[in-house]
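Below are two complexes that have chain A in common, paired first with chain B and then with chain C.
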Partner chain A sequence: MSTVRNVELASAEIPTGFAAFRCNLRRWRVPLSILALCLLPWVLPSQALAVNVLIYGLVAVGYNLLFGYTGLLSFGHAAFFGAGAYTTGIAIGAFGANWFVAMIAGVAVAGLLSVVMGILAIRTRGIYFSMVTLALSQLVYYTALQASSWTGGENGLRGFTVSTLTFPGFSINFLDPLVKYYAIMVVVALALWFVSRVLNSPFGAVIEAIRENETRARACGYNVERTKLLSFVLSGLLCGLAGTLSAMHLSIVPLDSLHYHTSGLIVMMTLLGGAGSFFGPFVGALAFLSMEDVFSLWTSNWQLIVGVIFILFVLYLPKGIWGTLISWRANR
Partner chain B sequence: MTNPIMSVTDVGKRFGGLVALSGITADFREGQITAIIGPNGAGKSTFFNILSGALRPSSGTLRFRGQDMAGVPQHDYVHRGIARSYQITNIFPNLTVLENVRVAAQAFRSRMNIWTDRTDYKDLEDKASAVLESVGLGARRQTLAKYLAHGQQRALEIAISLVADPALLLLDEPTAGMGPEETREMVALIEVLASNRTILLVEHKMKMILGLSDRVLVLHHGQLLADGTPQEIQANSEVRRVYLGQNDGYA
Partner chain C sequence: MTVQLIAMQLFSGLALGAILIMVALGLSIIFGMLGIVNFAHGALFMVGAYAGLYVASLTGSFWLALVLAPVLVGVFGMLIERFLIRPLYGRSPDDPLLLTFGLGYVLVEAVRIVFGTDGIPFSTPAALRGVVDLGIGFFPLYRLFVVGVVLVVLLLLWWGLEKTKFGLIVRAGSADPLILRVLGVDIGRLWLIVFGIGVGVTALGGVLAAPMRNVSPEMGTLVLAEAFVVTVIGGMGSLAGAVIAGLLVGIAVSMTALFAPEMATIVMFALMALVLLVRPNGLYGRAAPGL
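Let's turn to the complex of A and B:
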């Protein structure tokens, strides 16, 4: 027995195939992602589409931290996206806040909201968790609808614009589409780096363990509830950040950004690209928004086509576009 | 005689109207291997879940090294020195074998710091590798756990519990679904493990239990029917009637 073990050991030290590929990809994922985002406005038909991919890509990446890596299916992430957007809009429009202060406020409010929603939702599991997040986010939606003196009700929030981003010593023209894209991209790149850090850290190992086997993770000595809450809040903060970027980009906040339809979009993009892969959600956002861009030229029922494609993906490529590519590349 | 590492006093558990356990009192001495046996539905799993903190007893007290365990959350049990394995293989299927054990070892380290890499804890990786080596999985470190054979998954199951270096190790049917060869290897492993820790195990394979354990508890209808050395248990006519007699081949 022991000689057999020793022979096997000799070959065990060299990580081969899957492991080696995963290792290399992990090291280069942030620079490669940023490179891809740099090229985006030159490949896509319009700059508006490129900015949308950035913003929704960030939402999906934030959502993926919770769904793909921690294994919690939330149907309420529109609340954080919307909370970030509304707070930024109100801070600029009603209080004349500086863009940076408005962004911080947006992220902070989204974070606070995710703490409250997280504490309530994490007490439940599985489908009940999804339903509680859905119900709570609809509560936020109706609150925004009713508080129309602050939020503009169903017309959405208007009357604020960010035309320049002022820094100490210089300023950036936020009206130039290309400049705007790269300004937003810098924020998204920082967020991507942050997510990569989280995933590489010991905390990343714990959330993966919880996704894989919650019971066992608890028996291993992890406070599962606290870890889930932290993951929920991190993901809420990232979605809130995307919301603030969306508000500054569009200069309006549509009421729809809080609607459960938006939460559904986030889930779809994440699944389409590949839940549980680092860059997958971005690919999902890109694929979804490109399909919308192309198919809506042909027919106003474009969602029908996207729906069919989505179902085909769920049935035949459950790892999503990026997830499938990665495992295909790794197995070659 | 050494001090009891775990004392169970008058422990009972009811689920609604169903009484799963009642009036269990037992001391577990340091360094012993104790087997818990009993027919299906005797309350073995419930008892095990109470010992590992997964269930709270409805009545009675549980003391580990003299400390009352009431109100201690389950995730703290392993930090105090009690680890368990599961009857149904309970691993992290989509993580590598090494990561399965490494993440279990990491529970004893600060983990909220996002500025370090999980791979920076070289000592944890070494510890995990050493444990995997000891259960015979040294060569499978980079394999995804779901691709292991059943016997190897059982070994991984034990490795995950073992890396916590528990003073009290609870093994829930460690040889479930194993063939004779794998069972023999597992018994050898348990004997090695018992050299420096207390082991409690639930098992069905009578021959294995009688050879391996220092002491046997027999549960029947949620009550402690007998408690003694394997020889005493074998000689106990009551036990023979409810349990051993059903299967003369094993006894």
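Let's turn to the complex of A and C:
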């Protein structure tokens, strides 16, 4: 990401043209994202699609922290998404927990799981990492399948609903689709602000350094293993948060949310949008879910079309939609 | 719980391990040579099973399916290498991984369109039905046959790699492709053939496994995870590692099935976690490239 650093250096002097535009984009990325998300339910054909873009966009943002910025290709992030969703569902359904407590529990369990998985997976390097994360997430999947008295097994987790979000002093009707959208959006906006802060911090620079040249980062005295683990856990926490939102939104947790296919969806969305860019994951989630929305009207085999488009992107546009757009503008 | 029962279960583990060896071998051959992880491996295993089903239903012969299906799928694998993977050489090692992942996705969906979404039973050929008396109990003949076929394939591969000129070139290529190219070997063609062999071996695993499981578009997903577990335990790129780890996992799974059936799928992942803690590069592994 040397170009980004250069832009920052240039901005200390007098930024002009595209450099200035890009510098401003960087400064205003959180407000701009929130503005776009505010408009989303009015632009998209259905509110259900808009909520899905929010939730999967957040998953992709969390995943992008690990894949796009740290350079670690995980194929097991469904485990954190699912763990967050199941924990929230079980906390509300079986223990009658308050929605806020259930959310905290969901994020905490996803975080704990990512610590355990991270410690194991980070012992391996390169492509091993992808294989180990995939295998470990399938372990979580089969455990959930077997523990059917808690998780509902193949039928998924049912029997819990969140109808109102109660705060001290007031409450929000969570059944009204538009209110629900904006309630979820507030959580996503907070998460985006958090990610932006992380990326701007020295830690954000170190994870990019590890992606660019691990050996050199190590030689500079950074603790590469610990940094990778922290990045892994942060990304797991964000995916867990998205999972808890998904559980509260749908009032069911399908077993598939833990499956390898969900991990694959997360990878595809992130890559389609542009890994390693701030706006990319949301663009990817929007593009992927819109394609699903449109193609599934024509054919039940829409996954074939999406898969072919993904292959074409890997071959010809590996930077994704947003990444390609940015580098195209920069080269003009 | 008798000694006989345990011995029988050990034999079942052998048959399960034999299939795992085939899949992990295919993965390991491709990785050892081309340095890429084939995420479409599970899907190609499934395509192998369907190809077997198709040939068997056309010709009515299981034996023809056993020979023809892996060859057909192997050629298909060569086309994949030539037109999809070759453009990615020299790019990040993540790119072929992502591409083959997308390819697996497409293959599963394509098979759903052609053969339907439901599982199809694949009947055991008449000559291999029935059981054999092993002295300790009766064992299904077909499983014994699977172990035999895998043994033959292993011997063939060993002979091909260690005793032939082609094997010598392959081993040289996995040690140092650049030097091999300098010596005037067309390494592109070599990689094409090796990829085809790796895919063909997996497809043979698919045909062999078909009569023991239902043939369904999703059958590859678990196989992919299993193959990863076996290669991680055995060590990436090591053929001996794949064989030992395949047997280890097969026996561990079937022994667990005897004592705690609900833990059977889970135990192999636990085994992998254990190996990772003690030997991060696997039992026979060398350090992963790209360091």
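Here is the rule we go by: the second predicted complex is superposed on the first by the 310 of 332 C-alpha atoms of A that agree within 3 Å, B and C clash if a C-alpha of one lies under 4 Å from a C-alpha of the other, contacts with A are read in each partner's own complex, and residues count from 1 in each chain.
Basically, a residue touches a chain if its C-beta (ideal position, glycine included) is under 8 Å from a C-beta of that chain, and two chains touch if they have at least 3 such contacts.
Keep in mind it's a predicted model, so treat the numbers as computed, not measured.
Engineer: First (chain B), second (chain C), both or neither: which does A:V132 touch?
Structural biologist: Only chain C is touched by A:V132; chain B is not.
Engineer: When the two structures are overlaid on chain A, which partner does A:L230 contact: first (chain B), second (chain C), both, or neither?
Structural biologist: After superposition on chain A, A:L230 lies in contact with chain B alone.
Engineer: Which partner chains sit in contact with A:P318 here, chain B, chain C, both or neither? Use first/second/both/neither.
Structural biologist: In the superposed model, A:P318 contacts chain C only, not chain B.
Engineer: So, does A:P202 touch the first partner chain B, the second partner chain C, both, or neither?
Structural biologist: first
Engineer: Should A:L120 be classified as contacting the first partner (chain B), the second (chain C), both, or neither?
Structural biologist: second
Engineer: Output check: A:Y260 vs chain B and chain C. Expected answer is one of first, second, both, neither. What do you get?
Structural biologist: It touches chain C, and chain B stays clear.
Engineer: Using the touch definition from the top, say if A:Q303 reaches chain B (first), chain C (second), both or neither.
Structural biologist: The second partner, chain C, only.
Engineer: Quick one: classify A:T215 as touching chain B (first), chain C (second), both or neither.
Structural biologist: Touch status of A:T215: both partners.
Engineer: On the A-aligned overlay, A:L178 touches which partner chain: chain B = first, chain C = second, or both, or neither?
Structural biologist: The answer is neither, since A:L178 touches no partner chain.
Engineer: Across the two complexes, find the residues of chain A that touch chain B and also touch chain C.
Structural biologist: 215
Engineer: Under the definition above, what is the set of chain A residues touching chain B in their complex?
Structural biologist: Listed in rising order, the residues of chain A that touch chain B are 1, 5, 8-9, 11-12, 15-16, 18-19, 197-198, 200-206, 208-209, 212-213, 215-224, 230.
Engineer: Quick check: in the complex, which residue numbers of chain B touch chain A?
Structural biologist: 52, 54, 73-79, 83-84, 86, 90-96, 99, 102-104, 106-119, 121, 133, 136, 138-142, 144, 160-161, 164
Engineer: Applying the document's contact rule, which stretches of chain C touch chain A when the two form their complex?
Structural biologist: 31, 36-37, 39, 84, 87-88, 91, 93-95, 97-99, 101-103, 105-106, 108-110, 112-113, 221-222, 224-225, 228-229, 231-232, 236, 262-263, 265-266, 269-270, 272-273, 276-277, 280-281, 287-291
Engineer: Where on chain A is chain C touching in the complex?
Structural biologist: 73, 75, 120, 123-128, 130-132, 134-136, 138-139, 142-143, 146, 214-215, 259-261, 264, 267-268, 271, 301, 303-304, 306-308, 310-311, 314-315, 318
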